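Labels run A, B and C following the written order; every chain starts at residue 1.
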């Protein structure tokens, strides 16, 4: 119990270090922080530099989700995430570095959801992100580039992680371009103008091996990488979000989210053609309707949704592969693979935060 | 007849004898009070270990260090983590400008078993970072003078001598060249074989501080039990008296148709009514006892083990329930015999106290048989027993055996005295004394336990004190001790001091693993100061020369005993093993320690801080030099110590350490006094029958009362005489068995006859106070009360 | 005169009530003479005996026993009188429970410093206590205990023997035997005897008889 207490407090440190006020919004992310850089709408992504860390921003993540299939057709999902949070803007050497890192890994099947967490600090080699050659790691979990010279560093990645009862080792190959979310990578999160820098690589094909309770299983599938950094992505009244990544069987992609507040919430979506051309959807275009709640980790969480995007004739019902895909980590949230059908069919990932 | 009416009839006895009721409640309350007081102290202390043993808990985890004893490079840490090693870095060192040891930790990777303190007590946001808070023990902030003052926060959750900071802050403050060591969780799976340049040290099970504190608590619990047993004697006496006096009522109630079962049930109900009431009072009193003693207990734990217990008392509902339960259980235990006798009381039995005494005599022989068995067991444990539990088993068997055999010994003594007595009165005195033994033996057993515990613990503490004082004189032979804040300052200091002192002796040390335990290695410079004074217990030929030449080492007694080492055995040190040339005493230090030549220390551990020095100067000049040194180098008060002050401080710690034992001793003895009083009051009812004929035959009441008074004193003195050798055996067991097992050192035993005289005085005082009431009662008794014996059936 | 009492009064407090037990008692007893003191239960005959024995002190009047003025006497003097001049036999609990029979018999004589082993042996024989002298009181029957009490009372050759219902706790046959022994031995010792009894039959065996009623003594003429 005491361990939990520790981590809960640590979570506060990770997301709102250096402040006296009590946490607001989900995990304290709704707070204004002085001294950190703010997202700039005129910024244009420059690679490979933007694949690396942005230590002047308060938070940042490298977020990969993969929908996988075993030789017998069994569905799996894998998550690999590295979070960065800064106590102060900038970098320092040794333990003087203000950068703290948190890694989450999970492996999900219809029956099991196994996950692990790692914490570490920057400056001492335990965790970090290197631009060239690209590598993101915490302890012995890593995401490293094996892209050929001249190609984008993220176009080919090796990924591994392990935890109690599970491990995976995946090879990723990008079959399409990197996609800037929002307005050329400037992703607005609230009517008040809260925003982040946000790009994705939603076109990975995956081959590799997962180990589930001691058994190695060869898998293939698709993966989606999200890169996002900001200093204050939520408005103070926003309590959490529901985020969808849908991979249609015809090759198109849809990213959509709803930031919950006291009212209707703030919805945003990007339609991505099969060739990677992104179309930001106007406000109100995306409709998200929770259909069914399940009791998960002591909370009621919607694990079945209706997702509508009339402009693209999308009207699907998305259901969790495993409703119990709860990440009971320092910052707890729901993250798991979904399967959808209706006007379109396909698979994707769903992330829900801030449910108490 | 309705039971309620019967109960009222029984209870009316107490209305007419309020003193007896008070006695019953006092006995039960005192027993419960001492018991629950000690329990309260124990519970409070144990609860605070959860908070306090935490930094110490770091010592309980496996750790990785470099084979050569150097600092672990930072990059090495990152590499190990990337290779999957679940290690957590620690930077540790003396906090400059203080007498604290700064421990820098990384909360993000710290193993969960090394929970440091109550998370609520830690402001994490202010902790994790360069410039983060440095936590120091309560009261320490004021006396610190740190070079560039970091933010300090005092917390009661830290043990004394320890400061805690984030590793980044510690790295900066200590200007550490690398990591002191890497912690692992206790059961961590290691991803690969250990690299050759690293050593893994697992803490030895016996090194656990919990074992040491446990032994202290065991001591306290034993004291609590002893006190409770002594208190129960009072309860037993009072209940016995109340039953005896109400025989008439019982007979009447039985004659009126109340069955034996119903009557026993009624008396049980009565006891169940009274005992919780006494229990509540007792727990309240126990709370007071604990509140008064706890600061001393805190000091004891601090002094003995460096474990921190806040000197304040929380409130735990478990005590109340426990106290009540023990009170009720104790009452029923004490009443069992009386209830059994009542159950079997013939309807029309006349009082036959002498017959009862005869019945008791066969019990005495049986009891003495068990006692002899226990004493034999104690002998066996003393000769062949090993370890702490054997030590405590020896103590228990010894005390209980002696207590059980006491009535027989007193019986024999009074019998012999009667045989030797010439006068008719003297013969009657001894015969009558012998007759009182069955009724008094429980109280006398209580007294003997209290007395022998007193002698035993007193002898142990006294021996300890004597040895400790002598040892301090030897260990602190140098006049001044100075600690520099940095290597540069150390260099300036020694240059400045060279013309002002006879000699400057470095006191440098390193941490390493010896025999699988974290140990200290000290360097010793060859000098007459040590050759003449160091407290050597065992020494080989040319010990000092071989030490100075770097060909041998000295061990402290703890390491010598626990390692089972002998002179000439090799001790593994980084850089090569060396033979043991001598053993010295090292009281108050639970850790293993090795002494090598200073040159050897520096060669084997090149990175150690070289900041401490002992200075030999003209004792008359030492105070002035200390003051000048502080002024010239702007040194904090604590950086320069003179040996007289250190001795005074050490002795002060020592005195407080045993203050609790002293207080409990006095309390137990007082309770034994109350037990005697209660027994005498119980007996005084029967006494009239025994004394009336003697009075009628020509003795005044005053004379009889004086003889009765003398009888109590004689019995108390006899008990003391028996308790004395027992106490000395007890002391021997504590010094030679329990201490060696618990602390690793054996102390020479000294005896303190002056203390015995004081104890005899106290015993006579307690016995006199106990006998005063019955004496006055007899001296003032109306003749009619005595005459009634001859004309009425009782 | 061994015993001389005149105008003797004694008042007891019972609860809130004052009871005048003796109200001007006059009594004399010569050496060698035996006197029976009879009366109803609670008439005060035991009280009178206790006053004479020096176990209690009178409120007023005159009482001289064996030359000691019992009205003026201190606690110590009364104890000395009990020890030196008086032999006492009570109804029960005469004996010291912690001492054996031999020690009990010799106790008072030794206390008075007048132990005569020949006489003691004679008493043991006469009382039929041979073989019992190493026993303890509670190991003896009631009759045996009373015989020991008589022996002890006479062992010091007291000038006055006081007996309070000495056979009251015994059956008639045993009581008669004990009584015969008492009278025989008192006569043999040449002591005066004052005996409290409620039995006219026993009273008749003594030289004189007085009856206590309403706090005063009345002489009872011996029946022819």
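As a convention for this text, a residue touches a chain if its C-beta (ideal position, glycine included) is under 8 Å from a C-beta of that chain, and two chains touch if they have at least 3 such contacts.
Because the structure is a prediction, the values reported are computed rather than measured.
In terms of inter-chain touching, the protein chains here are arranged end to end in an open line.
Here the chain at the heart of the structure, going by C-alpha means, is B. Each chain gets a centre from the mean of its Cα atoms; for subunit A and subunit B, those two points are 58 Å apart. Here the CA centre of subunit B is 64 Å from the CA centre of subunit C. A straight line joining the Cα centres of subunit A and subunit C is 115 Å long. Shown for subunit B are the residues in touch with two or more other chains, of which there are none.
Of all residues in subunit C, only 12, 46, 50, 53, 55-56, 75-76, 78-84, 88, 90-99, 103, 106-108, 110-112, 136-138, 152, 164-165 touch subunit B in the complex they form.
In the complex of the two chains, the subunit A residues touching subunit B come out as 2-3, 5-6, 9-10, 12-13, 16-19, 87-88, 92, 94-96, 98, 100, 119-121, 124-127, 137, 139-140, 142. Contact residues on subunit B toward subunit C in their complex (touch as defined above): 352-355, 358, 424-425, 427-428, 431-432, 434-435, 689-690, 692-694, 696-703, 783-784, 786-787, 789-791, 793. Listing the residues of subunit B that touch subunit A in their complex gives 74-75, 77-79, 81-84, 89, 106-109, 112, 115, 119-120, 122, 124-125, 128-130, 166-168, 171-172, 191.
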